[in-house]
Amino acid sequence: MNLRLLQLADSAFPSGAYAFSDGLETLTVRGEVRTAAELKAFLCGQLAHGWGQQDAPACALAWTGMLRAAPDELDALLDDLKLVRGPREASLRVGANLRRAALSLWPEELSTLPPTRHHAPTFGAVAAALGASQADTVTAYVSSWLLGRVAAATKLMKLGGLDAQRAARQAGDAAQDCIQHALRATVSDLGGFSPLLDIAAAEQPGLDSRLFQT
Amino acid sequence: MRQTGAMSPETPSHLPLKIGVGGPVGSGKTALLEVLCRELRGRYDLAVITNDIYTFEDQRILTAAAALSPERIRGVQTGGCPHTAIREDTSLNQEAVEALQSEFPGLDLIFIESGGDNLASSFSPELVDAWLFVLDVSGGEKVPRKGGPGVRYSDLLIINKIDLAPNVGADLRVMDADARAQRSVLHQSGRSEPGPEQIRPFIFTDLKRGLGVRDVIAWIEHDLLFKPVAPPRIGLV
Amino acid sequence: MIPAAAASLGQQTRTGALHLTFERRAAQTVLVGEFQKAPLMIVRPFALPCGTLSVFVVNPTGGLLGGDHNDIQISVGPGARVLVLTQSATRVQPSASGTAATQTVQLAVAAGGRLEYYPERVLPFAGSRLVQSLRASLEPGAELGLTETLASGRVLSGERLKFAEYRSRTEVWCGPQRLYLDQWRLSPSPQTRAPGIWGELDYAASGVFVGPGTIQDWPAELGRLASGLTASGAVWLRAAAARGPLLDADLGAARQALRQQLFGASPLQIRR
């Protein structure tokens, strides 16, 4: 495993990702995700049909550089496919922060980094430039998403740290399937089916009080 | 204390001074900002970033108090991580700083208020040029003795609500002595009696009645902006 | 898009075609060109009280079979107002070989024209596959309303999430700029019932609207329907419900609100 990839994917890497829940906050406030089992189901659902069908393949495709998808094409696709403004802007903001932090840490390695805007293509392109393999890159990206969600869940739900980690572990098979799918995906595969999270994410700005930006 | 990096053509010629405002919930951060904005807005181009934990409450209070116009007050949600947003990963606050700078290119001062937190919080030097930490007397006279980065290393320590001292059995002289000890610059190298110039400034205030506000402003103007004004008075005077 | 493999197997597959051209003549919208190839056909167009010309698409064979292909092309000229509906739900049935049914829809709307396409829901039967793509090309100043509705299966018969694949790609372009892109891809799995995906619901809808007006009152029903702006300024719509009539009611109200604000249009009065 590439040491720099582990650093890039770590939750302490200053990308601002910790402040976004991408709709999970609304689902918890509405009582649709209340227990560790429901959290696990939410995670598996997103890996199989939602986030995992869009951002994970975008990361994998960006890793290939111009080979299978131009980064600006991926960004343009994500601009459109992320219908809901909150998650769309979160992806752009985290992407910009990740890019800025990575460029500041590895200026030489990233001197020819292609322009990227969204989080997934930025992560894929940076990891590739840092010498990580494609499989490792996507694995690290999926893992950081998964652990970021369960970390958010401990603040949103009555859920201990161990139970949160257990939910992530139980989503392991779904995560592996998601990674394998992402590694095989083509640009035209980006999509998914997540109507209830789309609706929840659109409702997030209307919550009376909230911890997360989205 | 101001950023002194080499000026590249892209660097705006006028960079605002960024002051962090930290401290536990209820110690008076928002009250301090309210009074500072009112006192300083005539002389300086000001903006505020609030980091509420759960709501836009502080943003609302400051707007309602008409301390500043609403577009000069930005709220940042921190995903329940108020520490992180001002220390390890300041990217969201940096975004807010950049947004304010581009909207108000003439800004002199930006206050960045941390979400109410505990004694362990501190500001990243990447985010602010200086930071102050607000404690209040009602937590008891022992609080300065407990130390922590805010009490020890903040550029200014404010001990607020001194009017409550008799009610909670706090002796301000004890707090003064403990704060001096904690904020002695050479404290850790073991010098027993540091001179007054080696104490990081701390000020007792009663913000409700405006006591000590003059010294907080003196700290900003004298210590940070290098204006030809009298320095702040430190501790019990 | 006609699956060559299916044809070579000598399978009984059908290619339906429907090409319609509408124009505005003497202050009325008229159907000026048509090409219909069974099993796709339309019943005679009629004008609604608001002046919009309404057309029902009919498929008398009861739906799409694996291997079937539908080709729909609709062109709307300047100033014409057209509403295209389907007479009944689109039933998608599987083929023995597992081939997908396919449908391509191409829409073109000229400046000042308006096209609305609100087909009834798709009912994917057990084992079925549907791959459809819709592309709308708009001139600047064209108006568009689209909705798409999916059921989890033959819900009333208790058949849910038994289909093999549903894939639906919708793109809206204005000149060289893409205003909207959405791709629903669903191969049901145990995770489809997860919170955030479909939960315990069985109906879902998406939609896109493009028009000159601005939205003040965004259609929203807590947990059931949301709307907003895409990155390029089109209006998107998402809805989900446990029962079909509830979804239809939510969707109908949202459509009416959006038509009124975006097009300045009065409510549709449709006679079925």
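Structural remarks
Should a chain be cited, it is by its letter among A, B and C, assigned in written order, with residues numbered from 1 in that chain.
By our rule, a contact is a pair of C-beta atoms (placed from the backbone, for glycine too) under 8 Å apart; a residue touches a chain by one contact, two chains touch by 3 or more.
Since this is a predicted model, take the numbers as computed values, not measurements.
Relative to the whole-protein C-alpha centroid, the nearest chain centroid is that of A. Distance from the centre of chain C peaks at B, each centre being the average of the chain's Cα atoms. If you average the Cα atoms of chain A and of chain B, the two centres end up 35 Å apart. One simple way to say how far apart two chains are is to compare their mean CA positions; for chain A and chain C this gives 30 Å.
Per-chain CA centroids place chain B at a distance of 57 Å from chain C. Residue ranges on chain A touching chain B, taken from their complex, read 12-16, 18-21, 93, 97, 100-101, 152, 155, 208-213. By the touch criterion stated above, chain A contacts chain C in their complex at residues 23-24, 27, 30, 32-33, 38, 41-42, 44-50, 53, 76-77, 79-85, 88, 174, 189-200, 202-203. Those residues of chain C lying in contact with chain A across their complex are 166-167, 169, 178, 180-186, 189, 191-199, 201, 204-206, 220, 222-232, 236, 238-240.
Considering their complex, residues 53-55, 76-81, 84-85, 88-92, 94-95 of chain B touch chain A.
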